[in-house]
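One chain, subunit A, links the two complexes that follow: it is found with subunit B in the first and with subunit C in the second.
Moving on to the complex of A and B:
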């Protein structure tokens, strides 16, 4: 390197006056700098562009000022009836007292006021159960997530429904409760000590040095203790029966979409595996189910189950409206989920299957340990998108006579005190739907970026 | 182990194990098991259904299709009277659903294209207006939007007497939109013929021009001849035959309008809500499609001296369309399925007149549910067949 450089270097030394000295960079033109420059470049780069910008700004101004003046500036906050609102501002401002008076109904439907704590408690349990999924120090996330999807519904169903519980039903409720105890214990243990609940029990009892079988037995015993405790709690709980007819509002919307989500994930996995199966009959059956449910509108499925489910079941078995709607939503959601999961499975290169086979893994081991974990990661954005769709689609149950959030909002205008109040409750529930769906979609976008970090360069 | 197995005579248990571990045997076993479960389930449901139906005195036959339905339908694209048969009701429902789908698809595509391009604009204000339009509308339920448009806008319009009017022929009130109805006179058929001839001629000319360009590289200007054939020819024939087209303007008589074309408020609300909602998804598809074409393509085209308009038409768009068309078609299918929400505002589409009113009137749950689902399945099957054909045609030819 230096050999090559020497002649050139010496030439420069011979004529130092001709040495190349770059001029300092000139500052960028003032018109491209700072806020003014940004505005100029992004909003007024040419005459037509400036015109379009002004038009856009005008549109935004008209829209935003109309909304602000209706919802805030001209709105009435205190009145006893819609008549009083109309006397104060006419139709130029929103009449919020009607919505405020109806907020309990918009959220809980006609659920008895003195029993609403049951819904709140179940919601709190749900949040507490889900939080460890986002805590970095918690390692048993798979078990926590699975128990949430599979076992929380038993506990929640009893909290919402109440009434008599037979031995089987009690055992299932206790299973849900025990799972909750375990989730709390193991996440607390993992956050505090970095060890799972089972290991902590083993260490605490001074059995760390004993044989594997002994420690496993100890672990099972600890879980049994939790289950017995849960059984005791369940037995002591006696909640009054609340008919599903009284369920409504945001609560019902969340229950229906929650059931749809919890059911559609496992069912979708089974259907997707079935459709990709090499067994022709299983593939045919899965494909038929998926395509049938995907090609018809949800409302026709709701109507079908509404009219046909009573016919399908043995005479004398009563199925209430809510169960019919939940069955319809679950089957509909699993068909869509199956296609999303199939898409994820297709994105996994063949080499992964072949490598798993070469390692001696069977079908279920290869799928569960190698393929699914990779596929699920790719699918998360689409799964969240499906959840958003499901949450929005639950509004359709109002057509078959359930009192979801949308029906409750329309019921406000039928209250004699607030007769004809329509836009205000609609604006309110639109905000609820928007906040929930928008934050989910932003979260999924964020997740997508984080998960694809490995692929970016 | 394997060596021993192959040389020694296997005992009975080992032979059974080999038999049950055989992939073919297992696959047949699982399939027979699944089939037995499915057949058993279906048999159980069918047995229950037959028993329930005989108990309630219901029948599953299609014989009711010829019976008079005996209810009126507020809006029918194909002629319908109250005494017409159930079969006619089914046809009316399909026609109305298809009308909503076609009009909705055209409007949603136009709107989606505009919003999608606005979203891509380098103008910060415009791209953000488009962004929030999309975010707000696609994150709220469609049913809520349909109901809001119907009860929040169209039923709150003034009475016919105080209608909003434009150009003396268009009136908007709480009974819907009234507009002039065309009344074809003698010889109007010639104009229609000219439209058909002009369109065929335009397509042939464009194809010929493309063939010449591909063969020789010479660019044949097509814009003027195609416009002349498709628009000029029919207009010329129309005026030569003495403009044989009258307009029947709606007139206010007493409390309502008479004459003209009336579009019910439920149709207006449904179309507006459907096309606005779907346009958000189409806009995102358009944006993704245009962004999927690498910027190098634009740069290469400019380096070769291709003018910007032609770059868009001949280089960017054909490549973007390959990404855009499949999800676009599935949005069209979604719009068609979503049109079934018409039932919430009483527009008589297939689900509303057939699966709701007719089912409640006749009680023939099974044939009616089967026919409705069959129609939607048929539509989506036909569309997916077309899609597969299209996908095969546009697949990138790799050499």
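Moving on to the complex of A and C:
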């Protein structure tokens, strides 16, 4: 069949061909293999290299031993005030009792002690809601993820805020709760039987053989039962009102950055697509929004929202200070996210869109199924980098009078018993920030490796 | 030269096609009519408009003037109608354009699933059938970038065939392949041609043109300069421009 190409073969037949035998491969020299080979090659390959290595090791030793001796060896663990600490070790060791005494405040701010269980419960629900996303046997991951982002906030807001709930607010809270029931039910069903909650209900009621429409009605009825149960639970819940002024510490930091993260990704996708749109008005609006918010420091935006927003609202309408800060952070973060995602979109060759288009896919299908998955994947490091930045940027809300983790740490040293204790709480929150941000970064690396298995360009 | 209009409309009909990129006139008054089962090879120097011409057939490029009719249906009524007409046409690109985030099998079932709503099992069976036809069923679970260029292009052919198009377009399918891989792709195309598919191929593989083409079209500067059956085209080209081109690619 291979006579398709024009010339070849026949012209060479006059002389008999010599046989080509490839040489067998040899192993690499032993001195370059293994740990010893690596150390020799990379750390002691020459005299200056060895010197730099030794100097580096010495610096690491000095630095680490100083930290260990201050935080652990010379540290004071029991004392009633900073005075006692100073009497024991002077400034040579850390004074941890002050931090320990303040841990509840560092984590929950001024949230009433007897109500803290509400935050813990909401956190537990969040974890339980998110865990199925990592379980391989669970298949409804998209629905679970979407419900987490869209409906968990209703439930959480009520848990945190409490107070009176009108009919609309009750309905929304119940929606969040019903979604949680559904996530638990469908995850359990899919893990145990491989069938989703809806299918399981249909099978359990012996309706597997009935018509599609009948089964769909049954499925809807099952969801309604969940919703009614959630409504009942919501009605029986009566939580005391906790003003947002009392929210603070790590809790507040997580609330603000959580909203920012959950909002900025979808908003960024919409803005990035808007900016690339061929419709001039949409493109202009998106570009203006992005450039406006990217050209102004977050701190300025926070100030503007805090002081100027009330001027634009009709008299009597008051927007909560925390809400103002969250809105500012969300808008700021989405402008950045939009540019990251646009970068990802630009890295996808035009041919990908053409191939999808040639198959008869429309714009939205091609974007959603072909372009966006690839763009998001190559942008994972930047997207997570943006999330990490956002988490740390929330420290700026202290400027508009909110008590985030950083402000709470500063408050420790203003407590009369622990007057002047700044270093220890800062060291402690540094560790918290590090653990959170480093976990995000490691997770992003892990995600990258898993998603790009076999797909390297 | 063309057959008189039969009862069934021709698969591809281009009438008075004109296209500009900005102010650059890429296609000038193109008229072309392709019969059912006809295999056409389009060649010409780079920048002659041959790729743009076949991309107008499935409207990846929109022509400003003239009409494109596929099986008698003209483009332009609505975006939905355009997408519907396109589904009769499969296309294979120079740079393969496989979806790197999907496996070979998923690439092949993609259009079946999302455009034709074929059930998964059925789509996979069909995809395996076509992967077998291009002789790489064993690669189905791999990702495109784990395959050689020739294998990727054969996957691209299988992917295009999966939706059972009535017309296949090939835009320089072998131009970005290593020399040793060109034949495996050409062999696949020859088989396809022998099965009676209507094909329009932009290519400089003159061996392929000689073997399977019903008609060879030579383009330059946005015009169809010459069209003829391969025998006549290669042995007795009419225009000086065609002779110069053939001299360059056959003896260059």
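Rule of thumb we're sticking to: the second predicted complex is superposed on the first by the 378 of 457 C-alpha atoms of A that agree within 3 Å, B and C clash if a C-alpha of one lies under 4 Å from a C-alpha of the other, contacts with A are read in each partner's own complex, and residues count from 1 in each chain.
Here, a contact is a pair of C-beta atoms (placed from the backbone, for glycine too) under 8 Å apart; a residue touches a chain by one contact, two chains touch by 3 or more.
Quick caveat, the model's predicted, so the values are computed rather than measured.
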{"item": "Which superposed partner A:365 touches (first subunit B, second subunit C, both, neither)", "value": "second"}
{"item": "Subunit B versus subunit C as contact partner of A:373, first or second or both or neither", "value": "second"}
{"item": "Which partner, subunit B or subunit C, touches more subunit A residues", "value": "B"}
{"item": "Contacts of A:32 with subunit B and subunit C, given as first, second, both or neither", "value": "neither"}
{"item": "Which superposed partner A:240 touches (first subunit B, second subunit C, both, neither)", "value": "neither"}
{"item": "Contacts of A:351 with subunit B and subunit C, given as first, second, both or neither", "value": "second"}
{"item": "Touching partner for A:314 - first (subunit B), second (subunit C), both, neither", "value": "first"}
{"item": "Residues of subunit A defined as touching subunit C within the complex", "value": "1-6, 349, 351-352, 354-362, 365, 369-370, 373-374, 377, 454-457"}
{"item": "Subunit A-facing residues of subunit C, complex", "value": "58, 60, 79-80, 83-84, 86-87, 89-91, 93, 95, 97-101, 110-111, 114-115, 142-143, 145-146, 160, 163, 182-183, 186-187, 190, 205-208, 211, 250"}
{"item": "Touching residues (chain side subunit A, partner subunit B) in the complex", "value": "42-43, 45, 49, 52-53, 56-57, 59-60, 278-282, 285, 291-292, 294-297, 299-300, 303-304, 307-308, 310-315, 388, 392-393, 395-396, 398-399, 406, 410, 422-423, 426, 429-430, 433-434, 437-438, 441"}
{"item": "Residue ranges of subunit B in contact with subunit A within the complex", "value": "27, 30-31, 34-35, 38, 45, 48-49, 51-53, 55, 122-126, 129, 135-136, 139-144, 147-148, 151-152, 337-338, 340-341, 343-344, 351, 355-356, 359, 365-366, 369, 372-373, 376-377, 379-381"}
